[in-house]
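Right after this note come the structures.
Both complexes below contain subunit A, partnered by subunit B and then by subunit C.
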Partner chain A sequence: MIRSTHLPLLVTLATFVLAYALCASQYPAMLSLRVVANLLTDNAFLGIVAVGMTFVILSGGIDLSVGSVIAFTGVFLAVILRDTSIHPLAAFALVLVITATFGAAMGAIIHYLEMPAFIVTLAGMFLARGAAYVLSTDSVPITHEFYNTLQQIYWKTASGGRFRLIGGVMILTFIVGALVAHRTRFGQNVYALGGGGTTARLMGVPLASTTIGIYAISGGLAGLSGIVFSLYTSAGYSLATVGVELDAIAAVVIGGTLLTGGYGFVAGTFFGILIMGLIQTYIVFDGSLSSWWTKIVIGGLLFAFILLQKGLTWASTARRKAATGFVTPS
Partner chain B sequence: MMGRALLRRIAPQLVILAIVLALNLMVFPDFLKVELQHGRLFGNLIDVLNRGAPTALLCLGMTLVIATRGIDLSVGAVMAIAGATAASLVVDGHHFLTAVAGALAVGAICGIWNGILVAVLRIQPIVATLVLMVAGRGIAQLITGGTILTFLDPGLIHLGAGTIFGVPTPIVIWLALGTFVAIFVRRTALGMLIEAIGINEASSRLAGINSKVLLVCVYIVSGLGAAIAGIIVAADIQGADANNAGLWLELDAILAVVIGGNSLLGGRFSIVASLLGAMIIQSVNSLILLSGLPPEFNLIIKALLILAILVIQSPKVSHLLYILRASAPQSARKPLPPLKEGQR
Partner chain C sequence: MTDTPRPVLHAKGISKFFPGTVALDNVDLTLHAGEIHALLGENGAGKSTLIKCLTGVYRRDGGEILLDGTSVDPKSTHHSQMLGIGTVYQEVNLLPNLTVAENLYLGRQPMRGPFVDRRKMNADAAVSLRGFGINVDPTQPLFSYSVAIQQVVAIARAVEMSGKVLILDEPTASLDHDEVQLLFGVIRRLKTRGLAVVFITHFLDQVFDICDSATVLRNGQVVGRRDLAETTRNDVISLMLGRQLAARVRAPAPAVGGRTLLQIESLQKTGMLDPFTLDLHEGEVVGLAGLLGSGRTETANLIFGAVKADQGRLRLRGQDIQVRNPRDAVAHGFALCPEDRKTEGIVGDLSVRDNIVLALQARQGWMRPVPRKKIDAIAQHYVRTLDIRLANLDMPIRLLSGGNQQKALLARWLATDPDVLILDEPTRGIDIGAHAEIIALIGRLQQDGMALLVASSEMEELVAYANRVVVLRDRRQVGELVGEDVTADNIVRAIAADPVSAAVA
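For the complex of A and B:
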């Protein structure tokens, strides 16, 4: 029997397969490996940041700062590679430490000051975007030859599709993310926290280290996403990736994760990303539709999945009521 | 009596505003000078009031929404939709009053949509309003056809760039609406009912408050405020820009409400304090511009401002202060003020 908690994930999968089948029936060329490869390359940075967002949302929180952190990472890398002779790998390590620390600091504020995650990460969003502006308001090109080397790494298929390094980084992130979420103690703690803070504390979940860890992961993955984004665009620009946090949240929700926390799968987010990428690809293939339809369709999907989640919650409370005669207030 | 209670409530905001204005005066000695030219008031102070109008209008509704323990992320997108509606109606040859009515109707519909998601379908407000925030700009672009829709209708432009008795129209609009809403919620039981929902919705419902209808109404007010702000912004630049109209203004509005000392956890609210918060934000913007500091610092300063307020508002910190005061030596101890509702 299908467990109702798995239903959102199954619906996501079905949506993706159905959408892909519809697209392919209209444009058979969309089945080519070239399109699939581009789907992975173009959404690599969004996918990586969505893994971090999945953890945050699983724990019942939200992280609005990731888009700004991506922009900050890009500008930071561009400026540091322009002004110093530091090797890009060292710069990557440095920026990952900075962004993970930044996330951990937000987690600490959320936990110790007992403030809503929403407003704390809002401040983080301003801070990261402001720091990017202060570093440079212009788009700074990255011309280091190591970047060229990294960009030249790809696996070419017979049909001419190129699976690039950054697409691989995204898939690797998803695999590691799924293992951490479903196979480690930390992952179980995240689910417990999302199920309810008080319950989790009574169960002996270390709330402080879990909360700080979650936001550190989200910040660090936003940093990794920034690195990938700078490889993708070969530049750092402080006005880039505005609103990516909303896309990431949308991908997580479309991927079947409950926004109240506690239920969801990292793999679902992967298909959420693919669905969003598919919509964009379809609009490109169509050619006559305007790009703003992307926003409307994503908004519609978001709404549909929220309704689905609501329906499931209702169904399960109704069943509990039938069984016990009581409804626990949710 | 009421005046004194109000003064005590808004005292911190008044002090901050005074400090920021004094800093403005220090970097720009002519800051307070207001003069009449060609029948219009000119001066930096007027600019602050004028440029702060959209934020002030948004924070009217946002204060009420936050008082019910909600949040409305969609106001920026609603501004874009309303501006686009007004512009397209005017361009199609309708009277500007029809255009304004149309934009207001669209704002109200957006509010009803949000309100139904929150009150009837019981979706968390952040998520419910996120839908419109994501889709809203797409809808606005659909209305404008993807271009910046420009118009030359003098009646509509007057709303954004004109004057009434020498005072720029946006100032008149937000002051009038602000006064109306502030008096309306306090002279009737409405304000108290809204606070009741924010403190504990279940018990407010048991006490006989029709919380569903009230919640929807609160989101409608927010949508209407956003629509008016959208009309003003569009009229000011004589065009509807679906991409940039009201971009990030929802965050400014939330910030204004937080600076106004309203708890994000719902409950007690003060419209006047929120409006002062909006003016504080605009004064800070003006201070950054006048002092010649790169405008890049604007966001960092706002972030630090939020952090400072978070620390002050934090339940942990107020609890610590409470313990410190309670454990002070007997002679120095003063009677403790009752804990505020929102801080429990």
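For the complex of A and C:
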């Protein structure tokens, strides 16, 4: 029997398969492994940050700071590699600690000051973007040879497609993210928080550590995404990745996660990312369409998924009412 | 009751004060293993305050809680659960988005390495729930099951985590007959396991059906502890409603020559009220008596149009009138002071002045503002005549005491000069002094020729001001007492007459 909580995930999956079939029927070349490999490479940074966003949204929150954190990470890496002799791996570790701590601090403010996540992470968005500007207003190229080494790591298929390292990092992030969300106590607490904070507290869920952990994950994954983005572009630029937080939210929602929290799957977000990437690829193949059509299609998909979620909510409450019968109003 | 010498739970002399009121006054509660104990009392008697003190939601201001003979001091619901006192509320406190098994084991999942052992968790959950007499698929989300099943899951969680005392706070309020039986089956199993169960409900049939003993609270005090096998319903109801003042005060006779003002014919709404018929005369106070959930509030709301009736006719001075919503009712000269003052009555942050003039302004419509001078005159008039105690008219009404809020609400409706005044529990939660004043005011309004319909759970109060009392039971009109017959004894008898066939929610 198909659970109703699985339905949005299945709809996402069906949407992806249908969209891919449509694309392939028009441009059979889109079926090639080369396209698939590029889909993964081009969307690696977005996918990684969307995993963090999935945790945040599952818990009923939102994190608007991630786009800025990605830009900050890129600029930070570029500047530190240009001005010091630190090894990139050490710089990676350093920036991950900084971004995770930044996320944890936002989580702590959200929990202890009982502030809406929207406002707190909006402040975080401006802070991180500002910090990136302070480091450098120009695009700073990264020329360290270790970067070249990392960029040369790929698995080449017979047809000439290249599965690069950063695509692998994204897939690994999704696998680990899914395990944490669905197979650990922490993951259960995230869902519990999304189901209802007051009830979760009454059931003994440690709200403080869970909330802080969720935003630390989101911040840390934004840092990882920033590292991947700097590998992808070989540069750090403070004006980069503006609005990526919104793309991430869109991917999570198209992936079937309920925006109010409590329902959804990390795997759904993966297909959300692929659907968004697929639309872009289609437009590239078409050649004549403006790239803004991507936004229009994503907007339409978002509306469709919001309607679907609303419909499912209605259906389930209607069913519950039937089971409950009349409730004493006293 | 068992012969266990030492009770599982013994609360001694529990007291709790809130600003201006004594919520609990030296309350004792004793529970033995394998005992199902009912905690009875009307709204505001102190049941939920007592429960909250036992489970650490409130800190008690006095008294001692002994659990298995040792003194405990629960600081939070979670802490009290760790100590052994589990609670299940009317609204199920579980997470509908998680599966049954996840709810049952949240925070204490069986682990294998760093991961939750889902297979074991689901298997354990199925076994555990079968032990409670229900057979469900624990991998399904909780929201796909009925409230009764959710209740049982909540009980299972509470019992597995606490295991000594289980408090059930109105668990049956939203269940139908079969679901209640399912729940009772579960509770009886717990009894044989030696758990002490506290059962709170407004349905007396259920109390006599399942409980061994009962403690009755009234106005924050224990008015009696009874072994239910040796107690009658009458006895319990009189304990709950009280009858001390019964003989002392009498309602003044209706104003002479009171003409029929309002005729209510077969007013009904499915699931809320069976057909209700009543003639109301000028200068008459009619009381509505019944236990909680008997349909008192529903009757008041239906007449006022706050809830739309399915059927029925209203005639005012012989003319048919349509009351589809409170606006219509106000236009015809009706007024209703609702039971829940805080959510349905006052607008907490508005000034006392604005609150008093609200209904009058609403009747006039927003196009014709009441002149400021007139507002002041009205507000000051009622502050004086009703003796509302306040610093000034501009203070937010939420800062007033309960009694003064109630008087300001009365002023709001009196300012519209109504013909029919409906009061729902006018004296709930207010101090003794204001209580007497409101009763006196009801008498004055009656002498002025107003027709009043007053719903109340306080019997001696009804006896004090009502010329007639309509008795409701299970949302049905079951009797009417007139004049000399209006006594606390008679009301109790009418409420208790022939036990109702099993409770229907």
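To be clear about the criterion, the second predicted complex is superposed on the first by the 325 of 330 C-alpha atoms of A that agree within 3 Å, B and C clash if a C-alpha of one lies under 4 Å from a C-alpha of the other, contacts with A are read in each partner's own complex, and residues count from 1 in each chain.
Here, contacts are C-beta pairs under 8 Å (C-beta built on N, C-alpha and C of every residue); 3 or more make two chains touch, one makes a residue touch a chain.
None of the values given here were measured: they were computed from a predicted structure.
J.: Could you classify subunit B and subunit C on subunit A, in the superposed arrangement, as clash or fit?
T.: Fit - subunit B and subunit C, as placed by superposing on subunit A, sit side by side.
J.: Going by the contact rule set out at the top, does A:A90 touch subunit B (first), subunit C (second), both, or neither?
T.: So A:A90 meets neither subunit B nor subunit C here.
J.: Can you pull out the angle centred on subunit A between the C-alpha centres of subunit B and subunit C, to the nearest 10°?
T.: 70
J.: Please indicate which partner A:T294 is in contact with in the superposed arrangement: first for subunit B, second for subunit C, both, or neither.
T.: first
J.: For A:Y112, decide between first (touching subunit B), second (touching subunit C), both and neither.
T.: A:Y112 contacts subunit B only, not subunit C.
J.: With both complexes superposed on chain A, which partner does A:R183 reach: first (subunit B), second (subunit C), both or neither?
T.: second
J.: Which holds for A:M203: it touches subunit B only (first), subunit C only (second), both, or neither?
T.: second
J.: Does subunit C touch more residues of subunit A than subunit B does, or is it the other way round?
T.: B
J.: Taking the superposition on A as described, I'd like to know which of subunit B and subunit C A:V284 touches: first, second, both or neither.
T.: Neither partner.
J.: Can you work out, in whole Å, how close the C-alpha atoms of subunit B and subunit C get once everything is superposed?
T.: It comes out at 6 Å between the closest C-alpha atoms.
J.: For subunit A, give the residues common to its interface with subunit B and its interface with subunit C.
T.: 329
J.: Where on subunit C is subunit A touching in the complex?
T.: Touch residues, subunit C against subunit A: 77-78, 81, 93-98, 102-103, 106-107, 109, 111, 114-116, 118, 140-141, 143-147, 157, 173-174, 176, 202, 271-272, 292-293, 297-298, 505.
J.: Show me the residue ranges of subunit A that touch subunit C in the complex, using the header's touch definition.
T.: The contact residues of subunit A facing subunit C are 3-5, 179, 183-185, 188-189, 191-192, 194-196, 199-200, 202-205, 262-263, 316, 319-320, 323-330.
J.: For the complex, which residues does subunit B have touching subunit A?
T.: Answer in residue numbers: 71, 121-124, 126-128, 130-139, 141-142, 146, 202, 242, 251, 254, 258, 264-265, 294, 296-304, 306-307, 310-311, 313-317.
J.: Taking the complex as given, what residues does subunit A use to touch subunit B?
T.: Against subunit B, subunit A makes touches at 62, 109, 112-116, 118-120, 122-127, 129-131, 133-134, 137, 246, 249-250, 253, 259-260, 290, 292-296, 298-300, 302-303, 306-307, 310, 329.
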